[in-house]
C-alpha cells in the first residue's frame, strides 16, 4: 500500500463525505433547522434526478437540465407544501413521519406511472465524462470534482444562510417557537414555505447531480434517506457545521472501512473469518459510528438545541 | 458550619464551557431551617439547585444529607435519600388530573413502580396518601380538575405537593412565588411556613417580602460564589448585597 | 393631558374553547399613554393581551390600532403594525443566541430614528452583553426575562405590551426596568403593562384598568387608585 | 362539598366504563376464535392464515405501542427485535430443537436480551436521536443477517418441518391458529392491564415529563429500559411465531421499512390507545390485501389513507371510535 | 379440468420492480399469443404484486393455493422469494416453473419434482469464467456484494476460471459510491474485472468505473448485470462489456425471432430482456405440458412429468432438463454494442458453454 493509494482513498473518503453532505443538505434545512421530519425528501431527490435525466437526454444541455429539474421540483414541492406539508409544521414528528411516508408511497407510484418501473438513463455530460489527472499516478473522475465543488458550495451557502443571515435566524425562531416568532412579526408561514422550497431545490440539485454517477430509479430516494439522516443526527440536529463534519466523518470511516479493513483483518485473522468479518463490518461502519457517537454524545457532535 | 448540619455542600463547582457558573460553593442547611438563597439574575442559584438535586453533573465538590453521601447518586436516588425539589418553571403533569398527579408522586415512594399486573386504582393506601397531600396544600377541592387548566397559583401548590410526596428532609424550592399575585404569594408563604415543621427548606426567591418573612438564614450568591451568609438583618444591612442585588429602594 | 387613542377596544369577548374568559371589554390606550391592567390571578389579564396581539381570536368585539381594525388580523401582521409583546413566560428562542434575539427582529416600527439599537440595549442590560453568545436555553430565568424585554424593544414598537415583565428579576434589575419604563414614557412610548407591583405601577402609569372575572371592574387614574385602598384589597388582594 | 362527594365521580365512572368496554375484547376474541371453524364453509380457508399473520403482527405492534404510546419512545428499530426473535427460533431449529414452545421461548428471550443490550445504549438519547440509534442497531442486524451464511444470508432460511406444539399437535389442524390467538389475546390483555398499572402510570409520566419524574424519585432509566426490554421480548416472540407461520425467515424481515411500517400501523391505529395497535394492523393489512388483488398501483391509496388519517384522525383511528362511543 | 389457473407472483414494485415488469410483459405477450388458452383449455391468470418481499410472497402463495386453487405457479424474481414459497407449493404439489431464480438448494439437496429452473444461478458465472480463460485474462479482480449469493456467484466464476485472482472485493449491499473499490482495482492493475452486482449497484458501479478512467480494463459480467434494462440505464459506458447468458435476443431460432418481433411490436420497439424471454418461455412450457397431459391437470405427477420433458420450441433453442429439473443448455457470449439504428444492445458473439449442466446436480437425490 503506497502513499498515493492512501492519499487517493483519503480523497475518496472526503469526496464521498461531500457527496453525502450534498444529499443531506436539503434535509438539514427542512429537518435540521425547520424541525420538520420529511421522509418524502428522498422523493424530491428522485424527482430531480428523473427530470434532469430526461431533459438532459432530450436537450443535450446538462446545465439546462439541472436548472429545469430544480425549477420543476420546486414547483411540485410548492404544491405539496400548500396541500400537505404546511399543515404539518406544527404537528409532532410522528404525524410528520406518517404523512410523509404516505407521500413516498404516492410519489413512487406516480413515478412508476410516468416513467415506468425501469431505471432510466442519466448520461454524464460529455465534457466531464472522463478522468482528470490530479497527480501523475492519480486520475480522478472529472465529474466527481463537480460533485465535490457542489457539495462544498452548498455547505458554505447553507452555513451562511442559517447562521449569518436574518432569514436563518427567523427560520430557527419560527421552528422552535412559532407563536412567539409571529408575535415578533415574522411571517412564519411564508418563511417556512421559502425554506421548504429551498430544501426541495437542494434535493433536486443533489438528484440531478447524482444521476450521472448512479442509478436513476424508483426507490433511489429511500436509499439516500437513511445515510442523510445519519449524517444529520451524528452532527447534531440543527447544526449545519455538525452535518458537514459528520458527512466527512462518515465518508472517511466508510471508505476506510471498505478500503483498509478487509486487508487489515486478513493480516491478523484466519482467512475465512477475515473474509466473512471484513466486509460485514465495513458494511455497517456508518451505523456503528452513529451508535458510538450517540452513546457518548447523546445529542450529536454539535448539539444545537437542548 | 457545624458537622451536625443536616445538609452540607462542599466546594461545589460547575462550568458551562468557559463560564464558571458555580465557583467553589460551600453551603449548609440545618434541621428545621428555612435557608434562602438569593442573588442577581444569572448568579448561579438554579444551577446550584440543579447540582444539589443531581439534574446537572458536578464538576467538583461533594454533597451529603444527614450523613449520607449524595455526590455520586442519580437524581432519583437523591430523592430516596430525602432530597426533593420543585422547579423554577412549574412542572406538573398538565394533561392529568390533580389526583393523578398526586397518585403518581405517592406511588414513587410506596412500593415498587415495576408492578404491571395489578391495577393501581385498587390501591387504597396510595389514594389516602394522595388525599392527604391534597389536604396539605389545600387542593382537596380540585382533585378532578385537569392540572394544566388550574390557575397558576394552584399549579404551584400542586408542584410543591408532588415534591412533598417524597417526605423529604430537605426541600428545594426554586422561585415558588414566581408568577403569583399578592394573594397567592401570601398563601404560598403560609404553606411554606406550615412545611417548616416537616422539612428543612432551601428557598430561592426574588420576592424579598417572602424571603425576609420566611428565612432563618440567607445566603447571597454572586457570579457563582457565596457573597454573604447570615440572618435576615445582617443581609439587609450588607452593603455589597445592597449594591449587587437589593438595590437602594427596597420594596415594602 | 389629552391623548389620541392609539388602541381602542370595544365589546371584546374571548376565551379558550368553550370557556369564555373575557366578557365585553371596552377601553382605549392613548398615544403616549401608559396604561396598567390590574387584577388578581386568573382574571383575564394575559387573555386580554393575547387577544390584542392576535394570539387568540376574539369571539366578539372590535379592536383598532392606529385606526386599523386588528381583530381577526394575524399576530405577525399586528406585530408589524408596531405592537411588541413581552409575553408571560419569557418565550426566548432556545436556538438563537442573545445577540440574534436582538438583531433578528430589529426594526423601527415607531418610525423614530433615535430608537433602540443593539448597543443601547446592551447598555440597558449589561448582563446580556456578557451572555451575547449564549443561546436562549443557556440563560438563567432572569436573563431570559431581560432578553424578552430587550427583544420587544428592539422592534421599536408603537405600542409596548408587557405581561409580568419584572417576573423573576432581582430587585436591582426590577428597579432598572421601572426606571427604563419611566424614561420610555417620557420619550412618548405608548405602553400597556401588567404587573404585580401595584405601587410601582401607580408611580408609572397614567391610567389603570382593573379586571375582575373578565370584566373591567374599575378604571381610573393613578391618583384615584392611590387614594382608594379599598380597591386594592377588594380587587388586587393586597 | 365534603371529601367523599368529591371523589365519588371517579369511583363510579371507571366502573361503568369497564362494563361497556369490558365486553368488547371478549366479543372480538370469540369472533376470532371462530374464524377457523367458519371460514372453510365459505371457501375462505386462506383467511385463517391471513388472520393468523395479522395476529402475530399485532403482537409486535402492541409491544411497540407500549414503548411508543405509553413510554413516548419513538423507536424505528422494532423490526430488529422481530428479526432477532425469528432468527433465534431458526438457530434453535438448526441446533436440533423441534418444540415450538422452546423455539418461541428462545425467540422471546433473544428479543429481550437484544433489547436490553441495545436499550442500555439507546436510552441515553431522546427524540430523533433515539429513533435513529434504534434504527442503527436494527440496520446492523439486518446487514449481519444478510451476510451471514449459516442461516442463508440474503436468501433466507426455510423451516421445512413444522415445529411441534407438543400434545396440542393432534388436536386440530388449526391449533396453531388458536395458539397464536391465545398469545395475542394474552399480550393484548397484558398491555391493557399495563396501562392502568403502577408501571404503566410511571411510564406515561416519563413520557410526559422525564425530568419531573426523576425529581419525584423514579428510576427513569431503569423503568424505560424495563419497558424497552419487555417490548423487545414480545416483539421477539412475534418474530418466533412469524418464523413458524411463514416457515421461512429472511433479513427482509428486519429492513428498516418494516420498522417504519410497524410504526405507521401503530400511529394509524392510535398510539397509546388500547385498541390502537391491533386496529392499525387490521386496517393496514386488510387494505393492502384488497388493493393488491385489484391493482398493480396499490401503494398510493395507502399513502392517501395515511394523509387522511393524519389530518382527519390525528390521534389515530382508535381515538375516533372512542369519541364516537363517548358521544353515543 | 375445464380450465387452467396460473398464479403469478408479480415483482413490479420494490427492489426488483424493473425486472418484474419485464417478466410481466413476457407473461402478457405469451398469453396473448396463445389466445388466452393454455394447452387448449381456457386459462385464468391471477397476478398479484408482492413487492419483492419473500415474507409477502409466502402470504401470497398461501392465498393462491388455498383461495385461488392455482394449478401452476411462477413469477418471483429473487432467489429468496423462490426459496420462501417453495415448501408450500411442493407440499401442495403445484408445479413451480421458475421464470428467473435458480437457487442452488433447489438444484442440489432440496431438489423437487415440482420445481423447474431456467438456469442455475452460478452457470452464468461459470460461463464467464470460461470466457475469461478464452480471452486470455491471467489476472483478474472479482467483485460482488457481501451476501452469500454474491459469494456463490464469485465461486461459480472461480469454478471454471483458470487465471489468478488479484483481489476479491465484497461491497456493501445497496452501496452508492464505489470510489474506494475502483481505487483498489486501479492499484491491482488487473487484465479484466468480473463483477456480479445486481440492479442499482451494477449501474452505479459501471458508471463510476468508466468515469474513474478505467475504461481500458475490460469488464466481464453475468448477463443479469448487462441486460437491456441496465444498458438502457447506463448508456455509453456499457459499450464493449462482455457478458454471458443462456439466451439473447439475436439468437437465430424461429421461435425466438417470432418472440422478439412480437415483443418489440407490442412494447414500442424495446428489446426484450432475458427476464421477458424466460417469462414467455414459462407460459409456453405450461401450455405444452397441459396439452401433453391431455388437459388432465388434476394429475399433478403427470403434469410434472410432462414439464420435465419439454415439448415446445423454447426461445433459447434446444434444452433438456437434468435430473434436478435444471436445464442442460447452451450459454452464450454477448457483448454490448450498437444495433443498426445506433441503439445500445447486446450482440451475440458465440457459444461459451455447450450443453452445460450445473454443478449441484450431483447432490440431488431425485
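Going in written order, the chains are labelled A, B, C, D and E, and every chain counts its residues from 1.
In the analysis below, a residue touches a chain if its C-beta (ideal position, glycine included) is under 8 Å from a C-beta of that chain, and two chains touch if they have at least 3 such contacts.
Here is each chain with its UniProt name: A, D = Branched-chain amino acid ABC transporter permease; B, C = ABC transporter ATP-binding protein.
If you're wondering where the values come from, they're calculated on a predicted model, not measured in any experiment.
Colleague: When you check each chain against chain B and chain C, which touch both of them?
Modeller: Chains that touch both chain B and chain C, as defined above, do not exist here.
Colleague: So what's the Cα centroid distance for chain D and chain E, whole Å?
Modeller: 38
Colleague: Express in whole angstrom the distance between the two chain centres, defined as the mean CA positions of chain A and chain D.
Modeller: About 32 Å, centre to centre.
Colleague: Can you compute the centre-to-centre distance for chain C and chain D, using the mean CA position of each chain? Integer Å is fine.
Modeller: About 51 Å, centre to centre.
Colleague: Indicate the whole-number Å distance between the mean C-alpha point of chain B and the mean C-alpha point of chain D.
Modeller: 42
Colleague: On chain E, where are the residues touching two or more other chains?
Modeller: 12-13, 146, 172-173, in rising order.
Colleague: Going by the touch rule set out above, which residues of chain C reach two or more other chains?
Modeller: Residues of chain C never touch two or more of the other chains.
Colleague: For each chain, which other chains does it touch, given as pairs?
Modeller: By the stated definition, chains touch in these pairs: A-C, A-D, A-E, B-C, B-D, D-E.
Colleague: Which positions of chain B touch chain C when the two form their complex?
Modeller: 16, 38-47, 88-89, 151-153, 175, 178-184, 186, 206, 208, 244-247, 249-252
Colleague: Using the touch rule from the top, collect the residues of chain C that touch chain B in their complex.
Modeller: Touch list, chain C to chain B: 40-42, 88-89, 127, 131, 138-143, 145-146, 164, 167-175, 196-200, 236-238.
Colleague: Where on chain A is chain D touching in the complex?
Modeller: The touching residues are 37, 84, 87-88, 91, 93-95, 97-99, 101-106, 108-110, 112-113, 222, 226, 229-230, 233, 237, 276, 279-280, 283-284, 287-288, 290-291, 294-295, 298-300.
Colleague: In their shared complex, at which residues does chain E touch chain D?
Modeller: On the chain E side, the touching residues are 10, 12-13, 48-50, 53-55, 58-59, 62-63, 65-67, 79-80, 83-84, 86-88, 103, 110, 146-149, 151, 172-173.
Colleague: Okay, in this complex, where on chain B does chain D touch?
Modeller: For chain B paired with chain D, touching residues are 53, 55, 74-77, 79-80, 84-85, 87, 91-96, 99-100, 103-105, 107-109, 111-121, 123, 131, 140-141, 143-144, 162-163, 165-166.
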